[in-house]
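Should a chain be cited, it is by its letter among A, B, C and D, assigned in written order, with residues numbered from 1 in that chain.
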Amino acid sequence: MTSTALPTIEEIEAKLQRGPYHQWLGITVESVGEGEITLRAKWRDEWVVNPDKGYTHGGILAALVDLTADWALVSKTGRGVPTIDLRVDYHRPAPPGDLRVTGKVIKFGSQISVAEAQVFDIDNKLVASGRGVYSTAVPKA
Amino acid sequence: MTSTALPTIEEIEAKLQRGPYHQWLGITVESVGEGEITLRAKWRDEWVVNPDKGYTHGGILAALVDLTADWALVSKTGRGVPTIDLRVDYHRPAPPGDLRVTGKVIKFGSQISVAEAQVFDIDNKLVASGRGVYSTAVPKA
Amino acid sequence: MTSTALPTIEEIEAKLQRGPYHQWLGITVESVGEGEITLRAKWRDEWVVNPDKGYTHGGILAALVDLTADWALVSKTGRGVPTIDLRVDYHRPAPPGDLRVTGKVIKFGSQISVAEAQVFDIDNKLVASGRGVYSTAVPKA
Amino acid sequence: MTSTALPTIEEIEAKLQRGPYHQWLGITVESVGEGEITLRAKWRDEWVVNPDKGYTHGGILAALVDLTADWALVSKTGRGVPTIDLRVDYHRPAPPGDLRVTGKVIKFGSQISVAEAQVFDIDNKLVASGRGVYSTAVPKA
């Protein structure tokens, strides 16, 4: 795989926001580097699992781990790539509020890559973290 | 943990639908048994990751694996319980359409339980599957 | 990938036992079918993690989940294949004694496959279970 | 859970080596800190999966991830603790030779903790990495 020039924040945000679910999650790009990225997600009432406590559903956090680890690979892939599998650890309940997610490549490979992500709540506490395995083979022409 | 009487489909659906994200996912209960459950989720345009192909985002599938494995435990727990961790395998792209998810308990424990779920697309093809570890300790009074 | 004729128990056992670690684990093949296999492992004193209680180390159980899920694919692969990742759940301590492990394919793919395995102790109790993701691409000539 | 004084390398090594499987893996402690540890494992011919290439079996690497993540918690636990589940990513084949493994706590909790580990080969290349979830509840008296 040929390494591409590092895309700009605006370029990545435009690609991410083509995805309707990324729009719904209110994803914006805070920063991007070689093999790393920081995203933000904008709180919605629909995220809640438990109306008494207002905690965010684990499926929202899983989506954020998945997509942030995926896009941490963007300095090499230039695009979102298929997830092979995803593992998420839940560390504490996530109270209402926007979330910040940092992603980092663990191993970049020509066929299979591994990246991780950490989700922080509005008080900067780690609420979830995890890893994905991604298919980084170049698509056939 | 005392085993509770098996709740009815209506009782489980009412509990599930208290969660705003469950409502958004359009979750309904198709059947329930001892240590197993079948749920359905109603397609939404916002689920899409890629507007060219219309595939459902992996984060939606992860949410469905998580919540269905969780509620497969309901014959013992009588409620949704906290997820400790989640693992999801993606088997093929999920085309637009409602999804059916079957959940099954692997091991019920007094503190920690493990359950699995399988997500099927509208053509009944397996699109994703996985497991969660759940905290099934009885909450302190 | 061309499906191969189902190998015999003797053929699989001969291939498995080429691996020194498989020999050390005392692996034998109990049965084999299309997308499934049952193996046995012969107890060794060196497996113990805790000399007071004699429980088997989680790393032994992880090895058994890995290799049994891998060889559940043998009806398609004809050989052991590289593991991409492995997830193991520990359900209860494994007392001293031989172990039986059943493996089953979840999804066979031309590039990536997923299989699961369950480890049973000498009293036939489930002590661990899990899944692996395997690289089932045909090696380049 | 009361935090204990950081044990010395000699104390941790003595505790680790009570386990017969740890002895067999030739585990020694290189360094220890608050929420982190570095271990070494001494190569054995029996570790090999494939006699033609001499690569180490994934089950050996899984054992090293499990035990190193577990003992990264020792500054808080003072002992090895039960593994709830384990996830291992395999990044490249591990050639014959001693292995070095670094472990680090991700989240320490009073009931459940998460830690990670990275396995490096004799050329200091990352061959595997992963995470475990551990039961860090204080045992009942």
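Points to keep in mind about this one:
Definition applied: a contact is a pair of C-beta atoms (placed from the backbone, for glycine too) under 8 Å apart; a residue touches a chain by one contact, two chains touch by 3 or more.
Predicted model, so just to flag it, every value in this text is computed and none were measured.
Should one ask which of A-D and B-D has more C-beta pairs in contact, the pair is A-D. Taking each chain's centre as the mean of its C-alpha atoms, the one that lies farthest from the centre of chain D is B.
In terms of their C-alpha centroids, the spacing between chain B and chain D amounts to 33 Å. Distance from the chain A centre to the chain D centre is 28 Å, each centre being the mean of its Cα atoms.
Multi-chain contact residues of chain A (touching two or more other chains) are listed as 84-85, 87, 89, 114, 133. Those residues of chain C whose C-beta lies close enough to touch chain B in the complex are 87, 89, 91, 106-107, 109, 114, 126, 129, 131, 133. Those residues of chain A lying in contact with chain C across their complex are 84-85, 87, 111-112, 114, 133, 135. Residues 18-25, 45-51, 57-60, 62-64, 66-67, 80, 82-90, 93, 130 of chain D touch chain C in their complex.
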